[in-house]
Structure formats: C-alpha cells, structure tokens
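In order of appearance the chains are A, B, C and D, and numbering begins at 1 in each one.
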Amino acid sequence: MPSFNPLDPAFEQRIRDSFQQQTIIKTLGASLTKIEPGLTVIELGHGSHLAQQHGFIHAGVITTIADSSCGYAAYSLMPAQSEVLTVEFKANFTAPAQGDRFEAIGKVVKPGRTLTVCTAEVIAYDKDRAKTIFIMQATMMCVPTKS
Amino acid sequence: MPSFNPLDPAFEQRIRDSFQQQTIIKTLGASLTKIEPGLTVIELGHGSHLAQQHGFIHAGVITTIADSSCGYAAYSLMPAQSEVLTVEFKANFTAPAQGDRFEAIGKVVKPGRTLTVCTAEVIAYDKDRAKTIFIMQATMMCVPTKS
Amino acid sequence: MPSFNPLDPAFEQRIRDSFQQQTIIKTLGASLTKIEPGLTVIELGHGSHLAQQHGFIHAGVITTIADSSCGYAAYSLMPAQSEVLTVEFKANFTAPAQGDRFEAIGKVVKPGRTLTVCTAEVIAYDKDRAKTIFIMQATMMCVPTKS
Amino acid sequence: MPSFNPLDPAFEQRIRDSFQQQTIIKTLGASLTKIEPGLTVIELGHGSHLAQQHGFIHAGVITTIADSSCGYAAYSLMPAQSEVLTVEFKANFTAPAQGDRFEAIGKVVKPGRTLTVCTAEVIAYDKDRAKTIFIMQATMMCVPTKS
C-alpha cells in the first residue's frame, strides 16, 4: 500500500467528529477502530437486529460499514474545510456474513482533488477463523465547505 | 418492462414470509408495499436513527432497501424450493437521500435458472416532490433447497 | 426518459468531431447512428476480428461501444469548451454477444456540472430477433478546456 | 495473495489454446505474458488504432485486456471440461491510459464451483515510470462442457 501525506494534520479528529454524527452507526453498533492516512477500519459485532432472512448479517449492513470505511479513508486525505460524499460503489459478496465480528478495511487507491478511488474488504471472524466475505470498489467526492 | 410468468404461484406469500424474517427491516422501519412477478417495492420513512453525518439517510441504508427490492424481485420468479442470495451489486448516488419517504423499486431485467440480473431505482419524496436519488444494477443467485 | 436542454446548440457537430478522432472506432467498424440531447446510439456489425474464444463478440468490444454511447450521451449536455472522461462503469452481460448487428444505446440519467450518471443497453439483432445482451451504469466527468 | 491448487494440471495449455482463438487479441496486438494458478498477465503496446479522441488508449480496450486477464485467472482454476464466461465487471479509471506499454494483472479473489470473483489492475509504463491507471472487480462463471 502506498503511503499518503494528509493535507490536514487534524484529520483524525475531523473523522472522529464526523463518525460521531452518524446515527446509523449507533443503530448498527459499529465502531471506528483504526484511522491512518488513506485507511480506516470499522468494526461491527453480530447484532440480532441486523439479519436477513437466514440469520446472516444483511448485505446492506456489510455495505454500510464498508462504504463508511472507504468514505473516511478518502476523507483522511481531504483538506480541513471539506465534506465527503459517496459517488458510487460496487460490491461482491464472496461468502455469507456469518461470524461474531466483522471488520471493514477501507483504503485509498488513488486520491484526487475532486474524486478519490477506494477499495474495501470485509473480514468475518468466526471464533478463531478469519474469512474475507466482501470486496468493494468505490468513488468518493470532496465537497469544499466555507470556513 | 417485460412480463414474467412466476414458476411458483405462491410467490407472494413466499416473499412476505422471507421479508418478515429480516430483522434489519424492522430495525430500519421499512415495509414491502408491492409484489408482482419480477418487481417489488420497499418503502422507508426518514428515521433519525438512519442518518449519516449530514442528517441525510446513510448510503448504506438506501442500498439495503434497494438490495432487498432486487433480491425479492428475483425471488418472485424462482421456484418454490429455493433461496435467494446477493452475488454483487453496483450503486450510483445521484442526489443526497433527503426526504420524508423513500421508495426502492427493484425489477428483474433478465431471469435465469442460476443468476438473475436486476435493476433498482430509489425515489425520494420530499413533501410534494419526487426525485430519483439512486440507481443499482445487481446479480442475484438462486440456491435450491431440499423440500 | 426525461428531456434535456443542451447547453451547447452545436452539440451534435461537437460529438461527431470527437467520434471521428477515435481510431478504435474505425478498428471496430462502429458508427454513430443517433445523437439527441442526453442520448446517443452506436452501431456495430459482427466483425470476425472482434471475437472471443467461442466466436461471440468479446465482452470488451461490447463494453467499448457502450462506454462510448454513455460518454457521448453525457457530452451532449456539456458546455462547448469541455472534454468528457470515463470515471467508472459497471456492466452485466445478460446473454452471449451473438448476432449480425449490435446497438449500444447510451442515456443520461442525471446530468451534473462535474459528474454525469448514465446507463447503456446493448441490443443484439440476430436475423429478425432483438435481444438485450448487456446493461451498464457509468459515471462520466466533464473537464473544462480553454477556449 | 492466497495460493491456489488447479484442478486441471494442463491449465496453462488450456488457457493458451483459448487465448489463441480470441481474434480480438490479434486485432489489439495483446499477448499473454504470465499464467499461474489464479493469476494471468496480458500485455498491450500503444497501438495508434486503439485510441479515443485524445490519443489515449480507449477505456474499452483497457477493459478488454483486464476482462481477459480476469477470465483466464478464473479459468486456470476451473476443471478441464469447462468454459469461462464473464458475468459482470466494474472498472474505475484512475488515470488516462497514456504510455508505451500496458499490463493487465488479473487475480482470483474467491474461486467457486459456479462463480469466481476476480480483481484486475492495469499498469501503464511510460518510459521509466509505472502507474496504476485502472482497477476492476469481476465475476466469472464456469460452464461445464461435455467431453
């Protein structure tokens, strides 16, 4: 993975503040466990309120944490006076979302002034076993804000 | 839109039963408002527990209802002894998820014995105004079950 | 389909000029058969030099005409002093590319100052039969040029 | 990258035979430069017959070699009596396709009896500089053939 130089030295706090405002995150019970320039990790437990019809975590829930991990990975490299928006993403589900714990790892592939391309991987932890259950490619947009 | 002949005359009940088992749907507060061969509609109100950092509905939540609308559209054409799984999807966000009410319309484009290709559109209703905020292309898989 | 008002009244000529410069188009033997605000159609015959291993037209060739049909649909709504670039696309292949003639129909779903979201469909004509073999969702970018 | 055990010890020859039958490959001037279990590399020079309107290699051409690199990566793990088909893919263009030489590296992420999920990356070589210009996520399907 390439190393990136953040434009805003306070990027970590800016991401934590934004993450705190996402009410969906409390609803899901997710947490932000790692923030680096161009990378964030979001963790989720197996909530019984998040299931699809077979008791696995719903595809949309896995997508939610993966989308957020990409968005914040991109946001880590954006300037202080900016917001991040999801332009689009694509996801492949490579195994059912079965496990005690899920980790979405979002990474910047190509940062840009307007658009940033990211990938994410979601790993399911089932007792002692780790398994990649999901991969994503996403485009995030930087929206400048007034100071 | 082409018209489809369902293999299972009881497809509507089969879909309602499956939908009922999705605990995430209760968590979001969504409901299934239309079921036809090759088409389903899922509706969602603006829940304050579903927001991203700007107060709009999170991209992942919109994706969740769109994914389910595609999955059940595909499932309507599958045989009685089967389950439906999401293989992959791709989503474009064409406007922020702002509104009182959101409608995900999932349609089958090409049914198949194993794979079914679908599209979904999500419409946001903001007072009197309707706006397409999201489009999706998805692949669903039929998994035969034992009787 | 919504109707769009082009910013540049000379959009048709601008598209024809750009299309003429694409050497790949001559290599494939494709032609631009329709240009409207927010819509273009590109046609391709079955060239024996365009096949994959089973004699069907290669997925990448179908993608090439679909990508161009989206790009020019988007470009029709862009200002006179601009270029169009493909940001990303996603394609589903719903049937083998078998036929005498292929038509890629690219349409704008959501125009924007910077990003324009499009969809495309490719129809294969096999003797008297028309069949959708491909659907695409794409994001195009407007790059302003100096006058 | 995980290591894979091919089901067919003659996978390399099977891939070379299939590749030879792709007439599009001769049209583009591409070649297969690496075959390993779960990975193939396809190389392309800058042909003046492959350009879009700005003289860069057309997005569809880059997609063609990337799609083939994914298809053959998947095919390397499929049984002897089988064919491979592209179900769908999604591509992000991270830089213009500018360079003397392009390398598409296709890799299997998750093999399966029916569906195999792959990723590809295309690297442009411009004199001494290598740059990732494209990333792809793709789903390939195994179609059993009669012996």
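Quick note on the criterion: a residue touches a chain if its C-beta (ideal position, glycine included) is under 8 Å from a C-beta of that chain, and two chains touch if they have at least 3 such contacts.
All values reported here derive from a predicted model rather than from experimental measurement.
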Tell me which of C-D, B-D or B-C has the interface of A-D again, with more than half the contact pairs shared?
B-C
Would you kindly say which chain has the C-alpha centre located farthest from the C-alpha centre of chain C?
A
Whole-Å separation of chain centres (CA-atom averages), chain A against chain C
32
Roughly how many whole angstrom separate the Cα centroids of chain A and chain B?
22
Expected list for chain D, residues touching two or more other chains, is 87-88, 90, 92, 137, 139
Contact set on chain D toward chain A in their complex
90, 92, 94-95, 109-110, 117, 119, 132, 135-137, 139
Quick one: in the complex, what on chain B touches chain D?
87-88, 90, 114-115, 117, 137, 139, 141
Touching residues of chain C toward chain D in the complex: what are they?
18-19, 21-24, 26-27, 48-54, 58-61, 63-65, 67-68, 83, 85-93, 96
